[in-house]
Amino acid sequence: MILKKTLNLRKIIRKNKSFFLAYDQGLEHGPTDFNDKNVDPEYIIKIAKEGKFTGLIFQKGIAEKYNKQIKESKIPLIVKLNGKTNLVKGDPVSKQLCTVEEAKELGATAVGYTIYIGSIHEEEMFQEFENIQRQAHKKGLPIICWIYPRGKGTKGIKEKDLMAYSTRVGLELGADIIKIHPTGIKRDLEWAIKSAGKTRVVIAGGGKKNEKTLLKEIEEAMEVGCSGLAIGRNIWQNKDPIKLTNKIKKIIWNKKKK
Amino acid sequence: MILKKTLNLRKIIRKNKSFFLAYDQGLEHGPTDFNDKNVDPEYIIKIAKEGKFTGLIFQKGIAEKYNKQIKESKIPLIVKLNGKTNLVKGDPVSKQLCTVEEAKELGATAVGYTIYIGSIHEEEMFQEFENIQRQAHKKGLPIICWIYPRGKGTKGIKEKDLMAYSTRVGLELGADIIKIHPTGIKRDLEWAIKSAGKTRVVIAGGGKKNEKTLLKEIEEAMEVGCSGLAIGRNIWQNKDPIKLTNKIKKIIWNKKKK
Amino acid sequence: MILKKTLNLRKIIRKNKSFFLAYDQGLEHGPTDFNDKNVDPEYIIKIAKEGKFTGLIFQKGIAEKYNKQIKESKIPLIVKLNGKTNLVKGDPVSKQLCTVEEAKELGATAVGYTIYIGSIHEEEMFQEFENIQRQAHKKGLPIICWIYPRGKGTKGIKEKDLMAYSTRVGLELGADIIKIHPTGIKRDLEWAIKSAGKTRVVIAGGGKKNEKTLLKEIEEAMEVGCSGLAIGRNIWQNKDPIKLTNKIKKIIWNKKKK
Amino acid sequence: MILKKTLNLRKIIRKNKSFFLAYDQGLEHGPTDFNDKNVDPEYIIKIAKEGKFTGLIFQKGIAEKYNKQIKESKIPLIVKLNGKTNLVKGDPVSKQLCTVEEAKELGATAVGYTIYIGSIHEEEMFQEFENIQRQAHKKGLPIICWIYPRGKGTKGIKEKDLMAYSTRVGLELGADIIKIHPTGIKRDLEWAIKSAGKTRVVIAGGGKKNEKTLLKEIEEAMEVGCSGLAIGRNIWQNKDPIKLTNKIKKIIWNKKKK
Amino acid sequence: MILKKTLNLRKIIRKNKSFFLAYDQGLEHGPTDFNDKNVDPEYIIKIAKEGKFTGLIFQKGIAEKYNKQIKESKIPLIVKLNGKTNLVKGDPVSKQLCTVEEAKELGATAVGYTIYIGSIHEEEMFQEFENIQRQAHKKGLPIICWIYPRGKGTKGIKEKDLMAYSTRVGLELGADIIKIHPTGIKRDLEWAIKSAGKTRVVIAGGGKKNEKTLLKEIEEAMEVGCSGLAIGRNIWQNKDPIKLTNKIKKIIWNKKKK
């Protein structure tokens, strides 16, 4: 469908950049990423609110049970529409667990979906994404696509080529924002961002990192046209999440625009 | 969908706790669990009534054929929506055998569904659950999710981690009550209950046990915030089911609230 | 759905017993069971009429092409809704070949469906049955469930346990009448019938047998609460089918009621 | 559904016999069966017209692109609803490639469908056929079923038994006309035709044959109650197709009726 | 459905020939085919406009994000409805990623779909194509079918036979235009084009080639009745794409008509 002016992309972008707080790890990894504090979704909502993130990423269950708190925070809700545990081995597949309509009813400003390119189940995720993309755009919701190269099909292929393939797939399939794990090499990221054309690219924070490394990575990404960040563990596993948040925001909104 | 005030969770909770009589073993194990008395659903309904359980769990077939007796007992009916025999080996999958609408027509106050996380069929059950959850909430019915770690994906993973992963999956997927098999270690159960956030956790009674062991298990569970019990064989295989029922009720409703 | 008073179970029951003439072997085994006479459905309809059976079991194709003759016979039509050839090996699966609506249009008084418990395809048949059961009850049609233990899942399990599991599955899934192959041991059948609760159990005639053996089997079955018979080859392969039919009817309607 | 008087079977039958010109080989075998003349569908339509066949069998693509010529010929159009290439090996499966509604819109007087009994995919074709049969009858269109024994399930079974099983399956599933490859033995064909009950049986011409053999085969078939022929290569690969056509017509319409 | 006069085939044909600019390589191969210039869809649109192509082929994502530029170019948009990455190995399958309705809303003048004959997934693509073909014709949109022989089923079969089988499949399935990779032998292409009957055949440009070879290939193709070209890399990887475009146009529109 033709991209309407009413596509609410602006609601999850501030001065042309995005900064999302991701909290879908409970399903993806189990509670092993959590401690007594951050196991509680209310703690995460509090960080999102204080840190003025441009979006907060939850699975439907949390979006539903903590709906009141999310609404009170006024942080735009992004509902992740698919997911899986990390128990099942082999080429990954992550299936739809929430409809676009339901996400809308929960107050979502955008929806998210993960595709594992290279997995033998790639086609199943392509088709679910395709459906969701159409439905989301019909309702004026932007769709963020997590694209991670995984499985047998990725063997023997250079990381940088997989990263550029990821972002290109996002463009060709109609994502509005693509989330990737950067390889860490600036020039490669630049090419991946170029390959995405008009589709925006945000980088994942990934597992907890040395703060310096993280900030440098973000800085370089912003320099080559990255549209922002979707970060989770590095923030809510941090002892002082707001302090780090502020450091990152400085980098995001002070570098040259894409 | 946003959790409505009309979600009839209160109907299967008494003073913040639940106490369900489970009788889905006929399908899950065959009649080997039964004797001449308890093979008869009417005997089970009688126990539920005298014991004032907060819910009685049946498959559709029994809920339909014994509908009059169930209604007369005034015990809330919980229809289990999926099931399988124990004949087929390999990674388990349990498919939907009754619709939410049908359960509602049968007079159900809540519905139940089993997910085997770690099974290679995990995604199929996730998707069926997702659909049922939405439909149930639309009709104001709470959904109870049996979550059992099973199959290849669970190998080499610690029992306590699997238990906490189970309850977290329940929260992320939008269950209202999660039923798990406790590992028996209090501290582990506490973490699992915490991982479930606002979703309630009840423990399964499991196979017939020494009464002392059973009561201690329940006592400890209630101390760490457990929301109650879903028990079957330990009750209806007992020579004096009401006597044991009363002992358990004392424990459930006299311990500190979650 | 709640069992309505309008469920037309009484139409295929006479004085609390059923006596069905089965003729689905053409699809299940090919014409090898037939001779020049009984290969012709009109011959079967004639037997059913003269023998005053309480039901006549056909696949859709015969029910459609011989509809006039069936109606003229006034014997209640039972349309078998699934079927397969015996050519394909491995764990059996039998899929739906006629809708409930179509059966109704053909004048069916009841519908039938076969489930092979223990087959790796068990879940597929469970789900088709579930759908058919609901639709049939909505239209006031009773559903008869053939339940046969087959496939890898049945290995190493005692025949009597498989028989009792079969009837229990029929109850749990919501069948109105269950058709099983009896093991031949009276006490085992009694337990199987008990396990079926309020669901009726009829026994299959099976392959052609010595008449004495057959009659004794029926007699014993009726003594332990069996609700009747679904018989085929033993009748229509017999030189004098009406004579045998009358002998069986005597046994069915003269023994003590369930 | 009850066979209506309006079922247009008479439109593809002349004096109780059928004579169809088959031209679905382009999809089933590729153009290797063709030469410069018969590669052209217009040539085939011309033969059908001059030869006054009672039906002309095409896939949807040809039925659509040559619709004008087909209509002008006034030969009844039979649209073959499934098909496959011969490239893929293993147990065959042929899936639906045209809907009944579409066939009707193209002006079809009847529809056709191929089932490979004995293939591990038998059930898939049974279910597609079942659906098509119902839809076709609802629209008053007869359905012709190609039934060929193929795949693992047919190993070690006598050809004559497979042939009789084929025709019986056609009856049980509700076909109006069954097309089989005859074994060439008269007595076997007679039994197969008897096994089909009220369903008509036509024989395939098969690969190009010596004319004498072909005519003798047809003659014998008509003697044992065969309802006609569906022939392709033997006609349109012939140098003088009309001459052979006339010889066959003489045989078909001069032998004793079924 | 009967081919309507309203089928907009004329919109993508000029003086009986077609000349399409293909740009679906981003999804099919990743951005490895691209450089800093041609990675940008706007550059491609510019070439299409200046070169006056009769169609421009995009996936939905690009058709949506660059819709304004496409419309301004006035080059007819052809939306490719299926696609896959080249990461996953084994017999290929390419699934639908955009609906016909969506393509129409994006302003498409025609739609495209790829079938890999000989792949074990052939039937899946046949069925998706069948659906799309019907929907496209209902909306007056022509459908172009990429047909490439691939996978296990093609082993040991001559290239020329596979090519002719490809075009025949296109005719039988109802494509309006078939796109093939020519073998390079004129006489073989002539037979393939004949096998397609009334369905048009265009050839793919394939990977970048020596200009002389390319032009000779096109010249020969046009001589044997080819309906035109769908070319990508040879154009947009060329330093002077318009110069080459003009050379090709001369060949296409100066040779004898089909």
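All chains are identified by letter, namely A, B, C, D and E, in their written order; residue positions are counted from 1 within each chain.
The criterion applied here is as follows: a contact is a pair of C-beta atoms (placed from the backbone, for glycine too) under 8 Å apart; a residue touches a chain by one contact, two chains touch by 3 or more.
Quick caveat: nothing in here was measured; it's all calculated off a predicted structure.
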| item | value |
| --- | --- |
| Common touching chains of chain D and chain B | C |
| Equivalent-chain rotation between chain D and chain C, CA atoms, steps of 5 degrees | 70 |
| Approximate Å spacing (C-alpha centroids) for the pair chain D, chain E | 35 |
| Distance between chain centroids, defined by C-alpha means - chain B, chain E (Å) | 56 |
| Shared-contact residues (touching 2 or more other chains) in chain A | none |
| Sequence of touching chains round the ring, chain C onward through chain D | C, D, E, A, B |
| Residue numbers on chain E that touch chain A, as the complex places them | 24, 26-27, 30-32, 34, 36, 39-41, 59-62, 64-67, 83-85, 87-90, 93-99, 102, 105-107 |
| Contacting residues of chain C [partner chain B, same complex] | 1-3, 117-120, 122-123, 126-127, 130, 134, 137, 149, 152-154, 157, 161, 164-165, 168-175, 191, 194-195, 197-199 |
